[in-house]
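Two complexes are shown next, each including subunit A; its partner changes from subunit B in the first to subunit C in the second.
For the complex of A and B:
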């Protein structure tokens, strides 16, 4: 297969596309508890939208598997649920602020032993936007920070930790672009949790020197959600500086989204594949250029309903930090697709796709 | 009176003004300004103890019908008061939330809300 090199910057992810147009950093809340009842979740989402969040991720816990059950009653992780529909009033309120509101799904895995990490290789996990791991032992914490292909490390801060954070592990996590999550809703719920959250958060922040921290809500009800500016102010309480606190609800969260996108949608973090039918109008030229480069005949008009419509365009993601391990099966499948359907494969340089 | 007068404040602001709105789980719950003062002092006390409760907070205005209030705190204790209000989750056995809508070193700035500017435009 011919691979053609150009030096054009091409927006890869839809999210980045949207953000460029508004030129304003979205604030994110990357953890609303999604296992609560649907109505409460809907109300929470609407509340978050009204408070001015641009991106909200709904966290689902992975079902715990019974030991003695065997393979028959194996609890399988369901696919990511669809986004919740918001009512017109909220949509109108978000609309006039001229900012979008984006819902993401995230899955939380509670892990305590190294032998449980096979759960991370389930196929369904790829259907969730974000992947978070909650380590319960020091060994697992170290492993999550240094080895696992995840986006967020969320230690249960509501209880006294059975281990201390180690600088080695945390430095490795920062190096790899993982982020640590600090929840604030438990601190609103009751006094004991508040003490634990505060002390754990402070311990974490001293060790990671304010880098790679995101503050999330973990709220179950609308009354437990606070506005982004209030949350940034809470960051000061946890020991972040003013800028770091702001980053913890905006820039860092965005970096998590980039990291997740690189982990999910790319082959070895180098290429991403996209159906030609899904391409926006201004990216169509890539197909044409790719076909020219491969020496194929150019179809006039570029009718997306033809065979060409199911082709695949690959984009390279040089400079991105996240390293995604895509299964061989998936890779070969996508390769086959692209060859069969005579799609143009093209490589473009993505200068700034990486985590900021 | 000749035209405008330009005021430049250097250094950190002496006072900060917060516009806050109080929300209860039951939307019909109403409290008066005296109870609101107790609520603010409870919030400070539960997060910062006696030293926190001694922080002077002036309630310039409290609207009973919308439960919106304007608070004045010294610049030094802004972070403390703000975080205490944020972490308040319950008053008189009822869940509540304080939404800080605006924070500014100038009282006049609270007249317009730039965060919700587009929302407040007449359509």
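For the complex of A and C:
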């Protein structure tokens, strides 16, 4: 650990840091359905931007594969698509409200058996920013809460659940920093769905005591998206207190983003790498500090890709804000892997050209 | 004498298509839409509770901004119902809460601020010099004193 401490701290999570400057109440909608047609998606995004959301994640459902045969014409989920361009009017509105607007991609995996979990580790799945699992059986729900490396557990709330939520699983999920998703667009759509969503949401919220819940839209049309304040009001209806309802659209969503960033961009959830070329001016001193500490010589002006391996700053996550959220997870990890770390660091230095 | 306390909800009607704004949506339509939605979500109890004192105080058909009054003890009923309103006078619509306050005056203050911000958005989209000049002029004229004379009509339509 001591090596990391000396070379510490540049925040890697660029998008989170950008948002930090704009104040704490940055609201997110972490699930717009992206499988609908492109035009509707664009309109929905623009609507969300104008309503004042800071971060919007577009969810793509992983296509269900049939078990027998069919290996050749397997439908594979493409890698994460690029952000959709917004029109001028929306950009102007976003600019005046003085908030950035960030689009993320997320993938939803519908899982029913433990044997399917290997799919989560595939590259195309990992290329998405957020990873959500929709368990359909009680066993899978328990596994998702206790074992899987994911960010969000989204149970299909529009139908009567085939199982009850168990406190053990939910407590484990809260401990690990996973979040449960409650969709509100189905509740707006029609009466039976509304009943189901409300009753399931109330059951969930009673069990997790209002913690670790995010409210998302799952909207397919722009008119189904509601403003952040209205969504917080909906939270009251689900049984959250006022503060918890506000957290469910802002703070908790940020925690999900941190969780995802820690899962994806870091080595063993302990540190992350960044090219010197990408560093901002005020972070330059860290390079020098790192040099002195390690006794290495790094030419600052040089092109980092040319002199192999040296142009990388290793960062421990100590300094970043995600610390509180990930500390538990990290502790257990670092205990297990403390021997590995030194070698891991060396390895990644060598691979640095590929890392950004 | 204890005075009856109210809450005023300042909401914006977001239509799918801006053209529909011009079509007549009047106070009565809004009143009925809110009442029906309350009956759907909160049942007869909610409808009865909110019926006393529910009133649409103000509607600007050009900007789609409106103000609803409820008694303070029933504000939660209204605030949880607003997201469920899907249509007004059979037009698909979304209600977006802008501001909640206890007096009409503070709603007005907020509305002036809000409209001025909308004008800045408009300013960014201006192409020609004349347009810019006009928008700048109307931003300059955005004050509460003027608003009080005609209540809210001054801001966006000037452009």
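Observations, loosely collected:
We take it that the second predicted complex is superposed on the first by the 290 of 356 C-alpha atoms of A that agree within 3 Å, B and C clash if a C-alpha of one lies under 4 Å from a C-alpha of the other, contacts with A are read in each partner's own complex, and residues count from 1 in each chain.
In this section, a residue touches a chain if its C-beta (ideal position, glycine included) is under 8 Å from a C-beta of that chain, and two chains touch if they have at least 3 such contacts.
Here the structure is a predicted model, which is why all the values come from computation and not from measurement.
Annotation: superposed three-chain arrangement on subunit A; subunit B versus subunit C shows a clash.
In the superposition on chain A, contact is made by A:230 with both subunit B and subunit C. Once the two complexes are laid over each other on the shared chain, residue contacts for A:128 go to neither subunit B nor subunit C. In the superposed model, A:180 makes contact with neither subunit B nor subunit C. Once the two complexes are laid over each other on the shared chain, residue contacts for A:51 go to subunit B and to subunit C alike.
Of the two partner chains, both subunit B and subunit C are touched by A:188. Of the two partner chains placed by the overlay, neither subunit B nor subunit C lies in contact with A:258. When the two complexes are laid over each other on chain A, subunit A has residues 51, 93, 96-97, 184, 187-188, 191, 194, 223-227, 229-231, 233-234, 236-237 in contact with both subunit B and subunit C.
Residues of subunit C that touch subunit A in their complex: 14, 16, 40-41, 76, 79-80, 82-84, 86, 92-97, 117, 120-122, 124-125.
Of all the residues in subunit B, the ones that touch subunit A in their complex are 23, 25, 46-47, 79, 82-83, 86-89, 95-97, 99-100, 103, 115-116, 118-119, 121. Those residues of subunit A whose C-beta lies close enough to touch subunit C in the complex are 47, 51, 88-89, 92-93, 95-97, 184, 187-188, 191, 194, 222-227, 229-231, 233-234, 236-237.
Residues 51-52, 93, 96-98, 184, 187-191, 194, 221, 223-227, 229-231, 233-234, 236-237 of subunit A are the ones touching subunit B in the complex.
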